[in-house]
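To keep things simple, chains are lettered A, B, C and D as they appear, and every chain counts its residues starting from 1.
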């Protein structure tokens, strides 16, 4: 093959956006808001509620007259639980739809697949999922809670209530491992002892051997960072072995996919969890949000969890920034966001932390009773302390890395 | 000592679990030389039957032991009539068609019930104590059911006409037509029976693992590997495959953790198939059922 | 199923069409389409590799994605360590082929056949899936490259040969990908017209007869298995460039299934069929991703069942047969003459 | 071992060859000798063990005991391709052809095993001529009649230019004319190569045979000319009895 060198644009910063002259302009004068989520395949359990609240956010914005006098158009893509579709739809959204913002991604893998694409096309990116923390990217706003926000609160709360000896079970992948590391750290900081940490592949459904091990170790409590549909079996089998009444469970992952509805009341009663949102938050904003959602989707609406609420609030944060900046251009909007923009939503006040492009938020601790979370404690305005340890975008605005990609130790955290 | 008993119990349960999820696949494979890749989804449908039925107020035992096998068995017969019967003798094509069926069923159930379904069923039996340890009474029940199921299939194969044909087919796939029975009917019954056993297993496991449209994927690879490792003898093959693979998985899981347990299972299956390309019962226990 | 000896002429015609497309597409299609096409092309190379080993070699490899993924990982690890992509591409092809050679030795010399071979290759794929998913953390690395576990690892982009400072942009990778696809396609077409290729087809048709003619079928199977793994690895290199990242998901059951679907839809025993089917189904799945009325699994499942039941030969052979049936009565003599010429040419 | 009646070198020899399936002794302690350029027919009733014996020679079965020696080397347990690679042409009972390929391609695959591309093409042309397959050379073998498929397989055997040919029921399913032509072909092959022919059809054997070996219950009952065998009482009892 002979290819003239003219076709290859050299250098690492120059953008080749201008190369082919045939890029279509955006089809209309609408502001384009793109969403890419897994609405089918193994991850749709998370994606489906996020899609509902995203739709509701766009409807709310348009009902309030749109932005800057223009209507906001929602382009929604189903990545089908496949990473390659994230890259593909991100490219399509950024270069094809000329989206003004892209709200996308559930797993960290999906986020990492699209982050470089959107950075390259200078398209503003929101990641509205709770995750292991550590993204340090000027173009990327992470609105979900990170382990230091939730684990830091639930560990002392649970240890005060149940005792100092802890057994950790976690999903065997990046998120589970990093969360388990934070759990160990906060257990130690609060004077407790971690008896054992055990990791499980995401498709394990038989937890019998582990339940034996827990019985051997006799901890005061089990902390779980198990994730996904298969791991729900743990809670069932744990309860079936009569363990739930003997050794209680705390978790920062149980409930991410509304697991409390997948097990029966007896199997879940007493499980403690910590998130940035529970439906039971007693504020007018939250009640109004839920009643409007119910009016829209009917009584069998999905249970709203942190993933779903951040999808709504992330869209609202962006809308607020556009109003403040008076434009949808990326740079002014980013500046508006980073100036410490705050949005008072169903979960309380959510404030952008300019150092990390993450959010300070309220953190709640809930206990499960009859498949419903009841809030037992809450903490206002918790900063993303873990990411703050390693990331400072005020100092290095050009940074665009995922610092916890290889675990905490690689990022210099012990 | 208590620990030993508790661990052994878990080991036996792991083996029974593997045997339970594999048996339906083995029946269809052993008698018809059809590898049903929608097996995982048949299990899933069994689970959904139980959930839907109990939510509608049906007694959980009725739902698990009667409705689940019945519903999935009927679905199996329909599938056999509509898809499988056109493809006999084309092993690879049946494999592909059932793969398509698997995707279709996942999509269908997701469309009807949504990505996650509220399930309120829980294991209906109490707890058994082993000294300091405890285990679920329901797990003991499942071990028992697995044994009973094997005995029932054994009796069917030994005492009925269907069993006669089945044994003929296992010895010599071409022979069944020579026996002068309607193979069409026998195949339809077999597929339905295999599906029913699978539905029963899915229904029984629903309280243990929960029910999701995509849950089948968790089972299919394991069941598939167990049956192929076991070879074409339905009962002996499934039992041998489950004991070997389930045993290895259980022991490694306890000693090193579940990840290496899974890997050990897969590696054992590969080595086994290299040494015995026709499975355990292709080499040993050839004349068994 | 058609014979293997179709001559080089159709291969070269399709290669020419591909070349025209390669240089013409950037002037017709939008930028994002060009960028996204790289992924489709990478998958087409994967489909081509399975078309070779299954359609022509008769070896049902359920785990073709294992070689594809292994190639992608080897490329990524290599490119990070070497700081450039040139050697990494070679490493990817070598690693994948070498692994296939070892696995192939294991199964073919153990006379594992048919569906059992399918199970073993699928199992190997699932082992990769399980093992790589748990490799997050700093202790899992090859050289200076972290394997990255479930989240995967960012793949460095291609650079100009031996010029590690000149990275290619995604729209430029399109040219590389398209050229690679065309070259692989021509290579496979040529291979099937060699003595080796014809023996492979002979083994597919009747293994015992090939043995009785004095061909060691194990060696030929091993050969085509290894070659197809190398081609799959090239696909893997392009894939991780198209996506910008490689994750263990590449080894999952869904992807393994999809590869089989492409080949069965396109047709076993042809090379262009599976390539065309990949592009077609890629377009379809992308289009399905932009809507939410129909569940995607549902659509894919229906397609697969439809083809197995009603178009079991696949699209390309069915079209060829149909054309042949329509032409035969009138143009029989012309066809015979052409066949003769073709045979003379390809035997030379 | 039987005393050599011939000065020609022995090219196939079995010693105490046995093949057991479970409890059944399909072949039992067979000592067998074939000389260079000899044409030998193996006969016997169904289940006499001749086909099993044949498969032990071709490597399709690994004998339970005993030895097979072809030319100077022991070939017990060889794979079929290893036997064929010695220059042995083999035709099996069921026509074993490449159904999805044309007649040309079938024969080419055989010729090309032994010759470079150019010579192989010449051999294909010669073989097609010799077996009068010219009219069907472009047809898919799978679409041909049974007799034609048999001929294609014979063509493959011939194209390899073997020095030893093993044929299992070459005339099965052929018309009368085809059988006669096959007999002629076998005689023609016999000018270049030794043959072992397993056959049922007595008429056919009479057309070609010189020396015949009779199998009975896994053993060699006797070995003689066809005429002598037709007159032998034992042979008539076990096999010819009501037919000859």
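Operating definition for what follows: a contact is a pair of C-beta atoms (placed from the backbone, for glycine too) under 8 Å apart; a residue touches a chain by one contact, two chains touch by 3 or more.
Predicted model, so just to flag it, every value in this text is computed and none were measured.
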| item | value |
| --- | --- |
| Both-way neighbours, i.e. chains that touch chain D and touch chain C | none |
| Far-end chain from chain C, centres as C-alpha averages | D |
| Interchain centroid distance [CA atoms averaged], chain A/chain C, Å | 36 |
| Whole-Å separation of chain centres (CA-atom averages), chain B against chain D | 48 |
| Centre-of-Cα separation between chain D and chain A, whole angstrom | 74 |
| Junction residues of chain B, two or more chains touched | 107, 110, 217, 259, 262 |
| Residues within chain A bordering two or more other chains | 40-41, 172, 199, 201 |
| Pairs of chains satisfying the touch condition | A-B, A-C, B-C, C-D |
| Touch list for chain A against partner chain C, complex | 1, 3, 7-10, 12, 16-17, 19-20, 22-24, 39-41, 51, 75-85, 87-89, 91-92, 94-96, 107-109, 112-113, 116-117, 172-175, 177, 199, 201-202, 405-407, 409-410 |
| List of chain C residues in touch with chain A within their complex | 26-36, 39, 130, 133-134, 136-138, 141, 146, 148-154, 160, 165-172, 175, 179, 183, 239, 242-245, 247, 249, 254, 285-286, 288-292, 295-297 |
| Interfacial residue positions of chain C with respect to chain B in the complex | 60, 106-107, 110-116, 118-120, 122-124, 126-127, 130-131, 134, 253, 257, 260-261, 264, 295-306, 308-309, 312 |
| Partner chain A, residues of chain B touching it in the complex | 3, 6-7, 10, 13-14, 17, 107, 110, 114-123, 126-127, 132-139, 207-212, 214-215, 217-218, 250, 253-254, 257-259, 261-262 |
| Chain A - residues contacting chain B, complex | 40-42, 44-45, 47-48, 172, 198-201, 203-206, 208-213, 215-216, 229-230, 232-233, 236-237, 239-243, 257-258, 261-267, 371 |
